[in-house]
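Please go over the structures that come below.
The same subunit A turns up in both complexes below, where it pairs with subunit B and then with subunit C.
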Partner chain A sequence: MLKRLMPVAAALLLSTAAYAQKPGGRANVVIQPEPPGLMVGIIQNGPTQMVAGNIYEGLLRYDPQLKPLPQLAKSWTISDDGLTYTFKLQSGVKWHDGKPFSSADVVFSANVFLRETHARLRASLAYVDTITAPDAETVVFKLKQPFGPFIGIFEVGTMPMVPKHIYEGTDFKANPANNTPIGTGPFKFKEWVKGSHILLVKNTDYYEPGKPLLDEIYWHVIPDAAARSVAYETGKVDILPGGSIENFDVGRVSKLKNTCSTDKGWEFFGPHSWLWLNNRQGPTADKRFRQAVMHAMDRKFALDALWNGFGKVAGSPVSSSTKFFTDKVKAYDYDPAKAKALLKEMGYKGETVRLLPLPYGETWQRWAEAVKQNLIDVGIKVEMVSTDVAGWNQKVADWDYDMAFTYLYQYGDPALGVSRNYVSSNIAKGSPWNNVEGYSNPAVDDLFAKGAATAKADERQDAYTKVQQILTEDVPVAWLLELGFPTIHRCSIKNLVTTGIGVNDGFKDAWIEN
Partner chain B sequence: MEFWKRFSRHRGAVIGLVFLLLIVAIAVLTPMLFPSSPWRMVQRPFLPPFTMDRFPLGTDALGRDVLAGLAYGAQVSLIIGLISTAAALLIGIPIGLIAGYFGGLVDDVLMRFTEFFQTVPSFALAIVLVAIFQPSIVSIIAAIGIVSWPPVARLVRAEVLSLRSREYVEAAILSGQTNTTIILRQILPNTLSPIIVLASLMVATAILLESSLSFMGLGDPNLMSWGYMIGAARTVIRQAWWLSFFPGVAILLTVLALNLIGEGLNDALNPRLSRKGK
Partner chain C sequence: MIGFILARLGKSAAILVAIVALNFLLIHAAPGDPAAVMAGEAGASDEKFLAQLRTQFGLDKSLPEQMALYMKGVLTLDLGYSYRQQMPVADLIFSRLPATLLLTFSAFAISLVLGTLAGVLASARVGSWADTLISTAALIFYATPLFWVALMAVILFSVTLDWLPGFGYETVGAGYTGLRRVLDIAEHLILPALTLGLFFMAVYMRMTRASMLEVRGLDFVKTARAKGLAPRTILWRHVFRNAMLPIVTLAGLQAGQLVGGAVLTETVFAWPGIGRLMFEALAQRDYNLLLGIFFISAAMVLLFNLITDVAYRVVDPRIRAS
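Coming up: the complex of A and B.
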C-alpha cells in the first residue's frame, strides 16, 4: 500500500514545492479561423492542431531547443547504427472512452492510419522498414537506412496517436468518430457549436498525477480581427494565440494592463519568410540581381514597423531555431549602394519585374509595398500584381511570377522543412511549396542528401553548414524574416507556452493565478 | 457671359468650382510639389500630424508622407473620374440617341439591354468586373464606365423623344437630310445641357466608386489613391485617426464640390426651370 502511494506523494510534494500551482478555472482562448475538423490525424492545419493538441498526444514533446521530452513514451533508445528506435510507453494510459492505450495503438497509428492520411509524415515513414510491438509497453521502429531527423517526428502534429479500437477496419476519413475525437490527452472533447465555440473539459483520468490543472478550455470563434482585439479588451477571452489579431494591433494590445506576450513556442515550426525569385528567366535569373535584391531590402525596418520587432532578420535558408543553423555564411546588410553596384555590374537595363504579395491581409500588403519601394530606390522597376489566395497559389505553382512573397514552416530539421525548397528533384509544376524558384545545383543536392542520410550530429552539421554557405552565396530566393507570432495573454495565466510548439502542445501545465 | 451670370447666382456652385480648380491645380502641380514617390518611406511610421513642418499631415504605417499621398490621390481620383465618365458617355449617348430617334423595335431592344444593366447593383457589378480582370487602372475605369452608362442612355432617349416631334426636326426630314445628320446636327446639340449636368454628377459618383473599390483592396496596387489610403488605415484607426481622416475629408469635399457645380450648371443651363423654382 505504502509502495503504491509513494509515487503519488512524491509527485504531490514536487508540484507544491516547485510552484503554488492552483488547479481549477477556465481558459478562454481565441481560435482563428474556425478549424474544419478536430481529428488531427486527418487534418493538419494550424487551428486544428491548436485545439487537438489538448485532445491527442504524440510519443514525444520537444523543448524550445528541440530536444525530445517524454510524453506517451516515457523513455527511448537509439541504436548506434541509427537504425533501431525503441520506445517504452507510459503505463496506465487510457483513451477518453476508458479503453486502455497500448503499443498496438502506436503500431496502428504510425503504420496504418497516418500512412494513409498524413502526407508529410508519410514522406518520413518511407525510411521505415518495420514497426513492431514486442510487448504492450514497447514499440520498435526499424529503419531501412539512417535518417537524421527521425527522432524529431514524434510530436502531436506530426505523429498523433489515434485509437485502434475505433478506427481499425473503417473508412478513416468518413468515420463518424471524427466528430467526437477520442485521444489520450489532458482534455476531453465536450461540445462544438459551429460558428460559436469549442469546449474541452479536464480529463480526470489523465495519467500524469496532478495534471491538467485547468477545468475547461473554451475556444471562441470570432471571425473579425478587430472584434478579436475587442474581445480581449473586454475580458471575454484571455489568450490570443499567435496570429489571431492584426500585427498593427499587437503593439497596442500587448501594452494593456495585466498583459504578457511571448514569441516563444514557434521554435519547432520556425516560420521562415522569403521572396521566391524566378531563377529561370528575366533579371532574377542572374545571381548578381538576386544578391542586389538582398542588399536593397531594409529588412530590419520591416521587422520593426510591420512585425513589432517580434522575429529576426533571416540570415540563412535555415531558421536560427531549426537544428544545424549556422551564422558562418555570407551576410547581406541593408546596403543600397552595393545593390546598385551589383545591378550595374550585371548590366540591368530596367526590365520590369512583377512582384506578387502574399494575400494574407494588411501586414503582408504593406510589406510588399515597402519591399517594392526598397527595390525602386535602387533602380529596379517593379510592378505589383494583386491576386487572391487561389490566384497566388496558381501563379506560384505554375511559375508565372518574377518575385513572390511566401513563408513556410521548417519542422525543426533541414531535412524536413528546408531541403524541399532547394533540391532539384523537387522541381515540379503544380505545388507552391516545393522548389518553385527552379534552383538546381548538384552540390547542394548531394549535401542535402548527405545531411539526411546519417544520424551523426557532427556529420549532419558539416553538410548543412556547407549547404547554407553555398545557398547564401547563390541566393536562390531572397530570405526576409524569421517570423515571430507573439502569443498574448493575461499575465495571471502561467505555464502557457512551455515547449517548441507552444500553445499547439496542449494546456496540461497551464494554471491560473488569482 | 449670360451663362456665367446665371451660374454665379448659385453661390455654392461658385465655391464648389473654386475648390475643384484647387484640386485640379494640386493634381497638375503634384510632380513639382512632391518630386519623390508617395510610396517612399520618409519618416518614422505613425508620425502624428502637425508635429513636423516637413510632413504636416503625418506619416502612415510605413512612414510614408500622408500629404504627398493625398496629392497623388487627387491625380488618380480626377483621372479615373473624368475618363470613366467619358467612357460612360461614349456608351450611353449613342444608345440613347438611336433608341429615341428610331423608336419601335430598336428602342425596345436597346432599352431591355439597358435595363439588364440597371437591375444589377452597380457596385456589385463593378467589384465582379474588377476582380475578374485583375485590379489595374484600365480595368477600374472600364468597370466604372460599364456600370454607369445606363442612366445616360435613358436620359438621352427621353430628351430625343421630346425633340423628335419638333417642327425643326420635321423640317430637316422634309429637306432630305440623312438620319445621321439629323441626329448629330439637329438633336444632339439640344440634348447637351442635361447631359453636362449629369456628367458632373457622374464624375463625383465615379470618384466614390473608385474609392470604394480601393477601400476593398481592389484598387490598382501601383497607384496611391484616396480609397486605398482609407482602406489601409482601417486596421489602425484606433492608433492613427489621421490616416483615414484626411483622405476621407478629401473625398467628401471633392464629391461635394462636384455636386454643387452640377446644381449650378443645372440652374445656368435651364434658365426657365430655375426661374420657376424661385
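Coming up: the complex of A and C.
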C-alpha cells in the first residue's frame, strides 16, 4: 500500500512545486562587453557563452560539485577500462528551425565542426579515437587511452551541439547562419540591435515539459561600469552577472531593496588569479625571489578591500572548487620579514622588475597598485607598465614582462585548466594562456601526464597532490586569489543559478515571483 | 564660386587619400592584432587557432600587400569587412550613424543657439549681474570634464529625481511606435545632448562675448549710433553680423566632429553610436572597422571645412572679393 502511495505523493509534491513556479515574464540582464557574435561553436569568449548558453546546449551540465547532470544526453555509461563513453540522447528534441536533432548532429559537432573551430576542445579530442552513432539516439566516444577529465568536457561552452544540416560542407566561420544562431536550447534568438540589446524568446517546442518559464530575455549592452550600476538602481535591468559592475559598487548595490547576491555558479570555471613570474631571466628566475613575492603580498587585504570578501586566498595552483584540490601544501602567509630574508639570501641587488597590470578595469588597476606597494615594502623595485588589452596580450604572449597579472578558468579538472600553465610541452610564444612563465620540471610533467592518463580517482588524486606540493615549493607563478564574481539580481527572480556553470548555463529554470 | 568649390574638392580628395594611408600605418604600429585579441578573449588558444584567424583576417599577408589591398578597396568605396563583428564595415557604420548624428546635431544646435544668445546677452550688459552669471557658468562648463558632468547628470536627473532615462537610445522592449516612439527617443536624448553640448555652449558664449565687445568699439558702430539708429538694430545688424566670423569658424570645427566627437558621451549614456563603435574597434584592434570610421570622420571634417569656407564668403563680402 505504502509503495503504491509513494508515486502519488511524489506527483503531488511535483505538482505543487510546478504550481509555485509561475511561467511568464521578462528578464533584463546586463551583457558586457558586447559579444562579437553568438555562435558559441566559433567564439568562446565570456559574453558569447553567457548569451549563447540559452540558445545552444551540450550533452551534459554539471552541478556545483561538478557531478554530471543530463542535458541533451538523458543517460550515459562509462566502460570499466575508461575507454568507451556511451550517451543516450533525449527523444523529441528539435532545432529552433524545426528540424529534428539526432546523434548525427553530435558526431558532426564533436568530430567535424568543433575539431576545426574550438581550440580548447581540440586539445581534449586528441585523446578520442572514434565518435560513432550506432542509432539515432545513441552516440559512442571511443578513446585511444584513458583520459581522466573526459566526462567533464560536455557542457555547452566546451562542446556545444551545432546543427549539421546548416553547417555541413560550408565554410563554418563565414556561414551567414552565424548571425541567426540555431540551437536546441530553451530560448531562441530573436533580435540583435548592435550597441543596444539582444533579445531571446522562449522556445515553445522545448523538449523538457514546462521549461523554460520566462517568456523573453533582454540582454542590455551598457559600456560604462557606473552606468551599469545605475541601470540596476533605476530598474532598467534586474540581473547583473558576475563582474558586471566595479567591485567598489558591489557592496552598495547588493544592499539595495529586493536585491540578492550569490557567488555560486562559478565552480566549473574556478577563476584563479596569479602573477606570471618570468622564470627565464632577471630576479624572477630565482626560486627564492618568487617565494619572497608570495610572502610579500597581503592577499587577505586584497580579498577584503578590493574584492569585498568574495572569493578565497589561493593556496595552491588548483582552485578549491576544482577536482583534486589539496590543502596539504606549503602555505605562504603574509610575512614581509620572511620575504626580506629570502631576498637577502638570494642576494637581490635592487634590480627593477616590470609589473604588468591586467587592463580589465578599476579593480585590477588598484590591485596592481596594492601589490606594487607590498613589493616596495620588502625592498623590491617595481616599475608599473600600462597597456590596453591588445597590448597586454602581446606582451604576455611574447614573454616581454617580469611580472604580469592574469586570471584563468580551470574548467573543473586539473587536466583541463591547470596543467596547461605548468607543463614544459606547453611553452610556446604566441599565446597568453599557456606556460607563459617558462617553468620546466620533468617531475611535474610526469605527474600531470599520470593524472590525466587514468580514470581512477584515487590514482589521479595521488598524482595531483604530489604535483601541487612540488609547485607550491617552486612557485613558478605567484598565486593570488580564487576570484569570486557575485551575481546580483532582484530577489524575485528565482532559480537563476542552479548549476556549477551558473548564468552561463542558460535561464531555463529561472522564474519570476510577483 | 563653383570653381572654388571644385578646386577645394580636388584638394580634399588628395588629403583624404593621404589620411587613409597614414591611418593604416599608425593602426598597424599599435601593439597586438585582432587575432591575438580574439584568442585572448577565448581564454585558450593554440597555434592553429591563431593561424586560422590571421588567415581569415588577411593578416598573413605582408604589410605593403595589406595596405595595397585596403587602398584599392577604399578607392572603389569598399570599406572592407569587420571579421570581429561579421558584417561589412559600411553596414556597421551606417547602422550606427543615425543615432550619432541625432545626438551630435542636437548638441550642435543647442550649443550654437544657446551659446551665441548667451554671449550676445552678456556682451550687451557687460559688468551686470547677468554677465557675471553667464560668464561664470560658461567657465564652469568649459573647465569641467565631460564624463563627470555626464555621471552627475545621470545621478541627479535619473537616479535621484527619476525625471529622465539615464541611458540608452529608447526604451528597449516597450514596442512603442509613431509619435510615442519619437517622444521616447527625445526623452532619452535630453541628457546626452545637453552634456555633449555644454562644453561647446561655453566656448560659443565666450567667443561671441569677446567678439561682440571688440566690434562694438569700432568706428562704424559709433557712426551708426551717431546716425541715431535704435540700439537693438545696432546690436543685431551691425555688431552681431560683424562679430559672426569667429563663430562660423568654431561652428565649422564643431561640425567636423559630428561623427567622431561623442565617444565619451556615447559610452556613459550607452548611446548606440559611432563613437562607441570606434572605441571598441580600437580596443579590439578591429583594423577595417577602425579605418572605416576614421575615413568617414576625416571626410566629414574636410566637408565641413569646405562648407565653413563657403559660409565665410556668404557672411563676409570682403572674403568674397579677395
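Quick notes on this structure:
Going forward, the second predicted complex is superposed on the first by the 497 of 514 C-alpha atoms of A that agree within 3 Å, B and C clash if a C-alpha of one lies under 4 Å from a C-alpha of the other, contacts with A are read in each partner's own complex, and residues count from 1 in each chain.
We take it that contacts are C-beta pairs under 8 Å (C-beta built on N, C-alpha and C of every residue); 3 or more make two chains touch, one makes a residue touch a chain.
This is a predicted model, so every value here is computed, not measured.
Judged by the touch definition given at the top, the superposed model places A:Phe301 against subunit B, while subunit C stays out of reach.
Of the two partner chains placed by the overlay, neither subunit B nor subunit C lies in contact with A:Ala443.
By the touch criterion stated above, A:Ala331 is placed in contact with neither subunit B nor subunit C.
When the shared chain is aligned, subunit B comes close enough to touch A:Gln373, but subunit C does not. Judged by the number of subunit A residues each one touches, C leads among subunit B and subunit C. After overlaying the two complexes on the shared chain, residue contacts for A:Ala226 are found with subunit B and with subunit C alike. Contact with subunit C, but none with subunit B, is seen for A:His197 once the two complexes are overlaid on the shared chain. When the two complexes are overlaid on their common chain A, residue A:Arg252 makes contact with subunit B while staying clear of subunit C. In the superposed pair of complexes, A:Cys491 makes contact with neither subunit B nor subunit C.
Annotation: subunit A residues 226, 387-388 touch subunit B in one complex and subunit C in the other. Every residue of subunit B that touches subunit A in the complex is listed here, in rising order: 37, 39-41, 45, 61-63, 131, 134-135, 217, 221-222, 232, 235-236, 238-239. Contact residues of subunit C toward subunit A in the complex are 30-33, 36-50, 52, 56, 84-87, 92, 95-96, 99, 151, 154-155, 158-159, 162, 165-169, 172-173, 267-270, 272-273, 276-277, 279-280, 283-285. Per the touch definition, subunit A reaches subunit C in the complex via residues 26, 28, 33-34, 36-37, 43-46, 119-120, 122-123, 173, 178-179, 193-197, 199, 216, 218, 220-224, 226-227, 230-231, 233-234, 236, 387-391, 393-395, 397, 408-409, 420, 428, 430-433. Subunit A makes touch with subunit B in their complex at residues 225-226, 246, 248-249, 251-252, 301, 305-306, 357, 362, 365-366, 369-370, 372-373, 376-377, 383-388.
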